[in-house]
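Here's a structure for you.
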């Protein structure tokens, strides 16, 4: 028998290879670009700046929601309530702002000054976030059940307030301003600018702050995170409040843009937000993913819808095309990640 | 030799047993409570079993009849979720099956062959899901969102442009028998579709309790690595379960299609959410491992009773709020109770 | 034994397994005789678990071949391995919480007819085996209600009753205390008598000498030696083969510290604890010793604020015990019992694991400083000799012992004044154990306090200044450590025979 | 009499028209007949509509006025109800096989007229620019197709047979979808100039999309880039249709008050024996749909119409 006496030499590690997350994000970006170029070949007039801008401006709402949803997913929690919150805050802002003496129930509101009305509507939205946090953190109910429930509760309240329909009369002049404010003399509106700001802030939080890090740790292993001194309850509560606040603002802006509080607004948006996050490489089990990935996940879907519209395809084809595009994007991701980690 | 120390039978044991009892049977209490509330809700206007009140024959028949698709789906969906997987495409698979079944029927294929062929289509749809998830290793949520879109797209493509569903017209006529399966009372005034739903549920209860598939599904959902290292072919189990869900989606599609006398490519829209609602209400763990077919069955009855029962009681726009609140309350009480049961 | 030597029950030739960047098993050749207990030893990351996984079909070798009773053997999955007569108890916990004990015991081995489960003699056999090791476990109970050790026992019972002719056990006793270990040995010996071969992996060398017939030593993935244990002179001989140098294997108790009291626990009680009070002094190492379920983990968790307990806990004069966050801020850190579920972020890299308990040190007004994270990771990987090719390696892919070191590093990084170590060296090899003991001692020498919660008496006696003996959630006796401690007395106390026992 | 119980079906309560209809029916039935009206929401879902029919029997109703998208699906339920002696009538779609009386509104004529008016206006202003039209709505919906999409296209073609029709785009997801589609479509196909937005909530999205692209404007009654038509004229559309600088110029006025009363009256007429319960060829009663148009109706008249029909 041979016994070698040397101890393996220690090496200092400094170089960091491209992390899995950056890798996936890069892939998603490439997939989005490739899809855009393909569409440009197939659809007349597709390759133009305005069309690229549309991809973003058309989807500001769902991308904004995606930010909150992504953070929660990374922390290992779902938020399916955002679509409902969009409807709720929009309806509330209208109801609060409608003047008091209307001809019928749906044209009679509380007559609050506009800014008080939207502040209260935002509070209403965040109450749903608080409810999410309460059930998830305090009662330990799985987030998917909770947020499915609060989604229905939020939309349900909106439906009760609008009798299942909408409120759009008796509104003060300034109600339509925020959602229709053109910025810097371009065709870009305030909501889109806010979305871009939100993304920048989110990326900073995600990459550079302790708060962002904690989100990953909680998502990777909630028990270990708690035992490592991270206040999980507080963190998850912040995330839910954060997500519902975003959804609340989105709802208020949409209500302002369309000058109506519509109880079916944002229907299925929670799913769109989930899909773009997953498409952007966020792991459904938590602990992995990025806001930038989510953003480009949204772009992938937007390219498909936009191209289908340009071709005036019937909805039947739209569904099929969307399925194929998502399938390809996901297969490439899964395959590339597996190869890399083999 | 001294008594081993490990399991301490504390004074909390009795509380624990009560808690466990509550946990195991809570869904039945919820059911009874819902029925009771709905039955007394408009006693001021109608007496207990009178037409107009909840507990009248017609109402009960209606509820059970329209519950058939949901009941059919809930059991298989429960098993799939117990194994830690999910199928968001059930609604679309159901729509596609409804369209296929109606297409066959309207083109002169007799009942039995049309029925069998549609079920076969269901198997194929489920198998495709299984393939994406097991072979291509795509996250179940994504994989089945893809097929949700795909199956719906195909269902829409199978229906002519400018028409909403497969129905009589353009020289074709739905055969007279088409409506019987989903509507015509065969036993206790309830149609075949309902009895098939019951049969499916019973079979799945047995599958869950008495067969390898049932046990392996729980193992796969509870601890996939352990299951694999124990020599269980988890991929195969999952694949089979997706197949079963596909079959039930087809059965649900046939029931719905027959009930409505048409092949509507949107008839299953949103069904995935309803089924998830039901299965979660029944106490199935989203993360897998836990869940009972029988409880999902009761949960399906609860949801359908609520939706139908409320129709004449309150304006329709209260429905979402009531069901959402019910889900939250049920889930919270279930989890609080079951946690008590565990910590004892 | 000579006649059996012609057809070894199992042999491997040139077996190699590559992971990206690592050769975990490198050209290993040896064979195992039938009806023997064959031990597999080596440092953390030596490749033992990887070797086992290849034998059982959980992993496919990169190259090389295996033979069972002379027949080529290439299991594609654990089922095939079991059909070939090889059953395994894997290193990491593999029970299904949602199933009952009984269902777990038969998992994957059920008898069935047309897919329906049927009763069989297997059911009796598994229960008999379970009772032989730990009769208190109720076969109808849900596994989720069992403690870590009880789960481990369920797994052992399952492997032992599988009816296989070769049973592999990867660190079965890591979570067990003396008493269960003894019972387990009884079971293993009985298996050997009925001509079953047991491949036994453990870092507890005493067990190797107690139980083994032959031993194979691995180092850095390479085969160093295979020899009958009778040919191995003593522990140090074996250790030298394992790590290529000598380590001191006797533990010198330190002189007892006399600093001021830093932690005071008074009348802790909850559903597992019964009026527990004690003090911990500055610069002191205290040990908590007791059987499985005696309440060690529970005390550690209560001190750390992870579980609620009535009574009072003060640390340096301030009340603690409400939340882990509060504990960490006050200067207490915990190495939890179960590294994979409670300690590690397995999907994250080593570098991302280490800083989590001391974010203040790495941040500036909430902004995180990644460069210091890198420095910290490098420092601790070096300090604790964590065997890895990159600090960006996911901790999932580290060997068991190295994972434990990462958890340890995480806690050291917290710069705590009181370290609570729950089974700190579980799954750690002898060399690393020494390193960890040295770290513990150094910390105490610099005025920090350490509490060790361990089910290894050797460990407690080796490093602790004072020892608390626990039985059934109660603190029965406190004793100073020293050369004249009475081991028989200790064992008597922790099994419930102590005179001070109160109810 | 002792107060009848009437089930009043609407296809989708989230639509303002149906909302107003339901409210008026409740009020009117109580006032005129002392009857109780329960509104059933079809939730824009055929399956729900079909299930609801069976509740007419179970819910102890004396009569029902249905609004069902698929007549075939409704037939068995209607027959069951008739067997129980319940009065059944239908709205919008005849349930032919059952022979129950039907109240219909003549949407097709209005759609045709709107198409013709728009085409004429465009040709007048831009004789050199060929007409390119598109519809936003429910491309696969049988009734929408026959009452809105098809006649609209025919109306346009009746003026300019060379007009190009891009077809109908699916906007069933609502106003945000409509907006998105308009933005995408007009970026890639800026030449589109006649847009039929087949529901008022979609029109909100359509107009928002147009404004985002810097379009949607008229120059003092002259079309610049496109002309838009809508359905379900309401208070919000009133301002735009009669604004000489907005490109929304025509809308189909469905009169909720008139319709609600008509539907209730029809049921009561059957109850009181004035109309046959069933007849071999189902009896049809037409209710008027109005063409509210910048070109053919004056502002005061439109205001008046709104007042009588929405009670504002």
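First chain written, first letter: the chains are A, B, C and D, and each begins at residue 1.
Quick note on the criterion: contacts are C-beta pairs under 8 Å (C-beta built on N, C-alpha and C of every residue); 3 or more make two chains touch, one makes a residue touch a chain.
Which chain is which protein? Per UniProt: A, B = ABC transporter permease; C = Sugar ABC transporter ATP-binding protein.
Just so it is clear, the structure is predicted and the values come from calculations on it, not from any experiment.
The minimum number of touch steps linking chain C to chain D comes to 2.
Touching chain B (ABC transporter permease) and chain D together: A. When every chain is reduced to the mean of its CA atoms, the largest separation from chain A (ABC transporter permease) belongs to C.
Look at where the CA atoms of chain B (ABC transporter permease) average out and do the same for chain C: the two points lie 44 Å apart. The geometric centre of chain A (ABC transporter permease) is 29 Å away from that of chain B (ABC transporter permease), both derived from CA atoms. Separation between the centroids of chain A (ABC transporter permease) and chain D, computed from CA atoms only, is 34 Å. Chain contacts: chain D has residues 13, 41, 139-140 touching two or more partner chains.
Residues of chain A (ABC transporter permease) found to touch two or more other chains are 163-164, 263, 314-316, 318.
Listed for chain C are no residues, as none touches two or more other chains. Chain pairs recorded as touching, per the definition above, are A-B, A-C, A-D, B-C, B-D.
By the touch criterion given at the top, residues 135, 139-142, 144-146, 148-157, 159-160, 162-164, 263, 271, 274-275, 278-279, 283-284, 314-324, 326-327, 330-331, 334, 338 of chain A (ABC transporter permease) touch chain B (ABC transporter permease) in their complex. On the chain B (ABC transporter permease) side of its complex with chain D, the touching residues are 46, 50-53, 56, 58-59, 61-62, 65-66, 156, 159, 161-165, 167-168, 174, 179, 183, 256, 259-262, 264-267, 269-270, 308, 311-312, 315-317. Put simply, chain A (ABC transporter permease) touches chain D in their complex at residues 43-46, 48, 50-51, 54, 57-59, 61, 103-104, 106-107, 163-166, 168-169, 180, 187, 189, 254, 257-260, 262-265, 267-268, 305-306, 309-310, 312, 314-316, 318.
If you check the complex, the residues on chain C that touch chain A (ABC transporter permease) are 20, 219-220, 224-225, 227, 240-241, 244-245, 304, 306, 323-325, 327-329, 334, 336, 341-348, 352, 356-357, 359, 362-363, 366-368, 374, 377-378, 381-382, 385, 387, 390-392, 410, 414. If you check the complex, the residues on chain D that touch chain A (ABC transporter permease) are 13-16, 18-19, 23, 41, 134, 139-140, 166-167, 169-170, 172-176, 179-181, 183-185, 187-189, 201, 204-205, 208, 211-214, 235-236, 311-312.
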